Structures are given as C-alpha cells and as structure tokens.
C-alpha cells in the first residue's frame, strides 16, 4: 500500500531505541555520578542497618566499666566509648538501624495511606475530596513537629510509636501531593481517551493515572526519607525519641554536646555520620528529581 | 466574591480549625498514659524531692477546675477561658498563667525566626537569580551543591557544627544561654541555612521558568537592556510564586526553633511546648498549640493576601481560573 | 434494549440507513457550573448522522463544538435532551453496559500526544481497547495492533517505541489505529489535524478519507477549518455560541450559504489560488438568550432566523 | 544606489549543542522594501523564526550567528555593539508574536508595556508616551483606548489582546515589523481583521516580514515569499506567482497539501514523510528523501538558489522591479 511507504519515519526515530518512561529515567539517574554513588552508599547503609547484630562488635547495652569515655583507638573500642563505657562504633550502627527503620517504616506507611486517600480524593472528588481537604486544613494549622511531639507523648517512646508519629504527621502532605498529581493527570487528554475507549474507574486510576503520577511521588518520597531521619533524631534530641538505652543519633548528639570538651569524639562521629547519611539520601533525591524532570512529564 | 465575604469565610475556617486543633490535642492528652501528677511523681522521686510536684498540680488544677471535674467539662472550661485569651495557670508553673508564659517565650522564638527569614530572603534572592542567569555553568552547579547541603542538614545539626567551630575550636561564642546578642548569633545562623537553601532553589527554578516566557523575549525585542528586562519583567513575576512558599517556610521555622532552642538552651516557646507535652501540662500544651496554630494560619492568610495584591490576575476576582483556562486553550490551539 | 451483537452488523440497505441514524442528538443542552457562574455551552442542538455518512461540525472556539463531541460520545451527560446511539438513549445505560457500548463509537482527539498513554508503547496503546473489551488473548491482541498500525502506515519496526518518540503525524496515526481497533461504527474526530504541520495534515486527511471509504465508517468531523470540512463531510452543521445557526448538505452550504455567520466564516477563509470572498455587509450578532427558530429553507437545509 | 529597508545576505545561525554545532539557518538571503511584505513560508523546524530572531539578535542562549550580513537601511547590524543594537530593537524593528497571551506580561498594565520602551529609547517623556500609546491603541481598533490602557492583558478578549500586542510593536513607529505567525492562535474570523490591520501599517510605508506556515495568509497579505526547508531557502518568488506555478518540489508539495474551499475535486497529494531532524540532515538536497523527482545528483550535491530561466531568459517576474524568481533544485534550475 502506498500509504505505508509514504510514512516511513525519518532519520531521528531510527537512531533511537524504543525506551520507556522508566528506562529513560533510570538512564539519566545512572548518568548522574553523584546521585549514583550516593545510591550505592545508601544501599550499604541499609545493609549495615539490617546486619547490625553481626557487624557491631558489641550489643548497644553492653557496658565496659573499665573503659568509660575511652578515646579513639582504645583497646577493643576503635571509636572509643561513652560515659557508661558503651562501644561508640556499635552504638552508631544501632543508631543507624533505628534511624532507617523509623524513616523507611514511617514513609512507607504514609505513602500507602497517601496513595489510597489522595487517589480517591483526586479521582472521585466531591465529598471524599472535601473531607480530605478539611483534614488537611486542620493538619496544616498544626505544625507537624509539634504534632509528632504530642503523638510520641501519647503513644510512648517505643520504636513503633516514633515511627507512627512521624508517619502520621507526614501523610497529609503526601496525600495532598498525590491528589494534586491525580488532578493534573486527570486533565490530560489520554484519560478522556481512555474513558471513550470504555475503561472503568479502577482501570483508569491504577493503570493510567497512578503510573504517571508515580514519578513526582517518587521524588518527594526520596526527599521525605532524609526528612524522616532528621525528624527521628530531632525527637530524640528533645528527649522525646526512642526510649534509651536504644541508641538514636539524636540522643547521641545530645549526650555528645554535654561531653563536648571532655570527649569531643562522642559528638563528632555521630554528628558526622548523621550528616553524611542525610546528604547521601538527599543527593539520591536530587538525582531522582532530575531524572524525572527531564522527561518533561512533570511539567 | 467580595473581599469582605472572602475574609469572613477565611476567618470562619480559621476558628473551626482552631477548635479542631484544641479537640485533637485535648483528646490525645487524655489518651496519653499517666497524668501530670504521675509524671511529676516519677521524676520527683528520682530527684528525691517528695511529693512537691503533686501538690503543685493539685493546687493549679483546683484553682481552675475544682475537684472531680470530668474531662469534657475541663475542656469546655478551658476553651471558655481560651476564647478570652485566658488559658489559666500552668500545672508545672502554677504561679504563672499560660498566656504570660507565651507572652514571655514567644518574642524570643519569633525574634530568632523572623531575623532568620529576613536574612534568608536577602541572601537567597540574589543567589537564586545568579544561579538561574548562569544556568548549567560551574557557578550554577557549585551554588546548587551548597544549596543541597543546606536542605539536607537539619538546623540542630548545623547548630552542632557551629558549636564545634565557634565554641570548641575558637571559643569565641557561648554555646548556651540567652542574655546578650552574642547568644543570638549561632541560633540564628543555624536557622538561616535551611530556609536560604529552600528559597534560593525556588527563586532559581521560578526565574528559569520566567526567563523562558515569551514576554521576556518580547521585552528584549523592544530594546530593553538585559538588566532592566530581568528586574522589571522577569524578577517581579518570578518572585510572586515565592510568596506562597514563604508561609509554610515561616511556619516550619517558628516551630523548628524548638530544636535550636533545646540545643542552645534558649527559653523560647518551642521548648515550653516540648516540656508541656512530656509533663502532661494540659493548659500549657493546649495554650501553646492553639497559639502556634493561630500564628500559622494568620501567616498563611497574610501570604495569600500579599499574593493577591502582587498578582493582578488574582486581584481581579475570579480572574485566575479564567486566565489559566485561556492559557491552556491557547496552548492547545498553537 | 438493543442487542449489541445485532448492532454490530453493518447496515447494508439504503432504506435501513435512512430509517434510523447511527448517532442522533435531540434538543441537547449542556450547562457547566463553573466558579464564574453557569456557562451554557450547548443550546438545543439536534443532529443526526446516518450510516456511512460524515457530518462536519464547524465553529470557532467557544462555539460548543468540542462539548458536542463529548456529548455524542457519552463522555458528558447532557443537561437536557437525549443522545441516541442506534436509537438507544445513552442516558439510560450506565456502568459496564455503557463502557461496552463505547466499543461502537471511538474518538480521535486534537492533540495526538496528549491522547496516547505515555507509558504504553505504540502497540500497547493500540491493543489497549481490545484488552479493555476482552477481545482475544494477549498474543492475538498484539498481532492485531501491529496489523492496525501497518494499516495506518506505522512501520512494524517501530511498534514498540513510545508515543513521545514519534512525530506528531505519526502519533495521530497511532491514535487513529487505536480508534479503529474495536471496529467501531462511529468515529468522532475532534480537530484531528489542527495541531499538525501543513504537509502532515494532508497525509492524515488522506488516510482518514481512505479508511472511511474502506471501512464504511460513520464520521462526525469537528473542525474550525471550513475547507477541510467541505472536502470531508456530506453534511455540515455550523455552530456559534452553542447554537446551530445553519445545517445543510455540504454543496448547498458552500454553494448558497443562508446565514450571515456562515457567510462570515466563508469570507474568513484565505484561499491559495483565488482572492477571498468579500466580507458580508450585515454583521450578525447572536443573542442566545432569545433564541430564534431554526427554519427549513430547502430540503435538509436549516437556517436560524436572524 | 539606494538601500533596501532590510537586506540579509548569506545569514548563518548555529545552535551550540553538546554534540557540536548545529546549523539551523544556512545561507539565508532576503530583501524587504518599505511598504512591502515578505512572507517566510515553512513548516515547524524550518528555521523561519530563528532567521528573523537572528536579524533582531534576540536568540536563545545557545544560538550564535555564524556569519553573513544584515543591513537595515544600509547599516550593518551583525557587528553593531549591543548598546546600539538595543536602539534598533523596538525603535526601528518591531516584533509581533504568535500568541499575545504569552508575549504580554500578565502582571503589568498595557500602559507600562506600551510606553516603557519609548522611555528606554529616550523617544519622549512620560506624558507624551502615554498620549502616543493611547493613539496607537486607537489605531489598532481598540475601543475606548484611554480606559483600556489601564487594564491588564488578561482583561481583554483574544482578538483585542492580539491588537494590543501589535500596538506595543508599533507605538515607536518602527520602519520594519517582524510578525511571527501573528494569526495562528486567533479565531478564523479574527484572522482577517488582524491582517487588514497590519495592512494599514504596510500602506503607511512599514516593511513587514510575515513568518507563516499558511499559504493563504501569505497570498492575502504579502507581496513576495521565500519558502524555507531545513534551514535553507528553497524558493523565492512573488507570492502569486509562487502559488500559480510553484517550481521547487517542496513548494509544489506544500501547495498540493493545502486544502481550500472549492478545491474538492483537486486531488490532495501530500508530501510523504516528515521534515528531517537537522542533526541528521540528509546529504545533498535535504528534501530528496521526500521528493519523487529525486535523482542521484540530488542525493549527492546541493543545488544553489538560482534564477529560473527559460532558454536563458529570466522568467516569471511579472515585470515588477526587484521581483525575483529563484529555486534551489537540480530538476528545476537546469531546464526551467
């Protein structure tokens, strides 16, 4: 048929391989050296946190009465010990475990809730939407840190409580974002096209809208992880975090400042590791954002 | 919608939100294990002070609510007082009314926060502009790197780093207390970094977007000097959206001072809030929560009003939706 | 109730075609409630398209022609009046049944990139309506999609590319293939070429022309471009501010337009081989709040009184 | 010898990409006389807009003029210092864009946007500028200009906005107006009004360059036309002659792709394929992959833009002085 020949695609497309949305984003992420190295580093941190009992030379409660406030390079404690004679290196690893457990748990929980609620509010609209916006209004009036503080007081200072408190105070923002994304994707012509093909509401929500809203959501989630790590440490700093003796970088930093002259390493190492972790996760977030921005999909 | 009815609506919503905040806080506090007396007894016991805390609490509680008043009535009595700016005496500091504690603590928190935001704005706008105008240059990449540092580090961690530098290494600034200007330097510095980074990033991306607008090309095509076009056409329009992030930013800063206050031992309001939650000091907690919520919502209202003032499309009632749909339509036509 | 399998049978005789239109709108009104108040987008529009015929719907922006397309497709419910597909009132069917009916009518949109699923490949986009209506298995659907893409002139080698990797003209071809996948009887084209370059516009129109005659499609063709409509439609309906101002067989409308607004539209065309028509002397101002009657001035030629 | 209003010779503009320099305007020459309108016809990506932005030197950051000359009233613009070039923009050359919604600043009043460049160029004081702005708004057919000058662009209807943008370009009374698809975004019935309005300025002696993809607009409004394809001019002719007898196969294809009322019997013969990606420009004549008349010479070498001749005699310029017919095609120039 003459038509088929008539529309032989020109140059440009021959050179380009079929590449989907995700493959393109991943290729751009890989090309970003800082982000890629940070991702590897974050992966190592996660493995360390999971394998903490095998990696850490001591348990975090184990005290060494013979070596209190031992300096760096002390016998058997290469990063020294704290005022109770607990191994700093071990406590830092367990602190990492606490931070990542709380952060990932909180963000995962808030993400699931946010997706379900944001998606229904955005897609169904009407009352569901008004309900969400009502809750959002109130939550926006309640500074998130303060809400987390109150929640921790209510639920006690267990690991789960801290995780929940941080998750609950962050889901609203996420849900609002999902809703905004859904509303903007919903306006696209392809959703109308899908309706005209006879697609049902659930198909449209989960097969068409959600995958196209995931990019921006992934971006905020990757920034929310370091924020949650920061929140966990912040609560601990105020004495409202995970109940001691479970280590948290926040409480370690807080204790460190008390011994700042006598044993500066008690402050320097946890604070340094904390900063490095936050930066690595943020750089991953940066990379994710740039990878998705270049698609022009988020515009 | 007229301005008056808009304001009326906003104020009704604010009042409803305040009621909701108070109910949530009160309910949560009732659900919390242990009351003020228990907490005091535990900590007092540890400190070998006998039952002093309990007496204080009984004293404060009785002076306000009498004995054996059920929780819901306590709430109503509290709210009745709150409506007239009378939160009653704190449990922990029974000789002081909560509104007096707020009046004493808030100016400290507000001073730090406002100075920090002002400094951030002054630094962030030129930095963001500079990065946008030199997009993809090494200068831009360098700026963005520093900005990432700023967004990644929480203010208390910056505070710790400052303490390490200025107190530990050089010994030129005090690490805690609140009595003179030298005590303000490090808390403010610690608070400045984050907002500066956030604002600079927004200014940069907003500026980049505006520079791509055709009206900027049109102004250049009229023979405008680049600097004039940037300040008159691009800067103004790219700063309008910045106003919207200022609200949440101020909010997070006002409450975010709590960590800096804890770190530097500053008697600000944030610290009182944290203590109140830990010790189940109902009037203090409720009072500070309501006060923070009020500040936050007022801030957002002001931001919205300023935004409307700056953008004539919003100033003309209902203008914004029409403009957007027209713009979308014209894009489709193109 | 009309049995769907029955409806799918092609109507062969002339008589059957004249009896019942494939799609018909009867006194349709559409009012949108917006923040700025009520917008009366479509006012008392009636039209009918018989099997194998093409109706051109012409108007400027804001004339309500795109709203009309969505009303015909059952994507929007009319505020009053009825839309019938093969005699079946669309407002009486809901949910799964309505979705099933949609396989009978498909739409081609103005912006091809916007109307394709960005995260699906070309073949997956074309196969999607088949999947939604549970036709065949996965392998068959893909094969069918490739066949359809071949039909509209998209090379087999590129069926696994994603929409944004194609040019605008190619994207519109993919969208057309998708619209044809379910073998619909009715194709609604909403400005299918106006976002394309001149040389590509002609390609797509030639393709649509050929497909229409080969597949015996019934078409509603919406455009602001009278020349395109003249070429493509058997009958033309001119809309202005939500109302029909003139409706006639194509030759009658272009040969002897009766309504001043139609004349104005015709005079607005800038031809390439001749000078444009003189602008009409009488300028017509519509007053939609006091609608005048639509009068039949010749067989099948209706004009709104001015 | 008298100078033309605008004389562009062998203009070349590159985009600086990571992969190297990409030539998007390649050896373009054109001339505009006062009171005449030149159409630059081409599809998207043909380089027509970049050509005129090169003339004004308002290019995207990554674009550079690589060579050639641009003379306005005999004065070379490409080497003018930026300070003097600014005096040319807006004062001697005005520019009208496709979409007034985008080209007018949404947060400034019309007064501000119509008068600011009068003071930038030191043409007149504030009161006089305001008077001139009101006058020009009246000229472009905006009712109650004294009132409208205080409004913001979004408060005007689409047609009025387009007029206001034309007023902005014309308020300094430039001698040359560049109109970049000025009617593409407006409704069909408004299109002709806008063109008639521009024709008034033309009648008063303004030279106009009309960038368009619409042959109908070119015929209605312009005197001469150049057809651009892949950054080069492939044909140059008086508009009516171009449309009566297009000679380059691309012009012919464009003409045959255009649908017009009454042309129902004319077979639509679209050009196959799509315009090339400039980064992978075909060797030889860039149009050859889409050209049914292409031969081996077309695939290997590029033909220059040459006058069309019949037996050595220039043809088809209908006697108007300065009118030229040229085409860049082996199959055309060789035997006319």
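Every chain is named by a letter (A, B, C and D) in the order it is written, and numbering of its residues begins at 1.
Heads up, the rule we're going with is that contacts are C-beta pairs under 8 Å (C-beta built on N, C-alpha and C of every residue); 3 or more make two chains touch, one makes a residue touch a chain.
Bear in mind the structure is a predicted one, so any value in this text is a computation, not a measurement.
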Innermost chain by mean C-alpha position: A
From chain C, the most remote chain by mean C-alpha position: B
Centroid distance [mean C-alpha coordinates] between chain C and chain B, Å: 54
Whole-Å gap separating chain A and chain B, where each centre is the average of the chain's CA atoms: 22
Length of the line joining the C-alpha centres of chain A and chain C, rounded to whole Å: 48
Multi-chain contact residues (two or more partners), chain B: 322, 333
Sequence positions of chain A contacting 2 or more other chains: 6-10, 12
Overlap residues in chain D, where contacts from two or more other chains coincide: 158, 270, 272, 274-275
Residue numbers on chain D that touch chain B, as the complex places them: 56, 58, 61, 86-91, 93-95, 97-99, 101-108, 116-117, 120-121, 152, 154-155, 158, 165, 168, 172, 184-185
Interfacial residue positions of chain C with respect to chain D in the complex: 60-61, 167, 169-170, 197-203, 205-206, 209, 224-228, 230-231, 254, 264-276, 279
Chain C residues touching chain A - in the complex, by the definition given at the top: 70, 73, 75, 96, 98-103, 105-107, 109-111, 114-119, 121, 128-129, 132-133, 150, 152-155, 158, 160-162, 165-167, 169-170, 173, 175, 178, 182, 203, 206-207, 210
Contact set on chain A toward chain B in their complex: 137-138, 140-146, 149-154, 156, 226, 230, 233-234, 237-240, 253, 256-257, 260-261, 264, 267-268, 271, 274-275, 278-279, 281-283, 286
Of all residues in chain D, those that touch chain C in their complex: 43-44, 158, 187-189, 191-192, 195, 213-217, 219-220, 243-244, 253-264, 268-272, 274-275
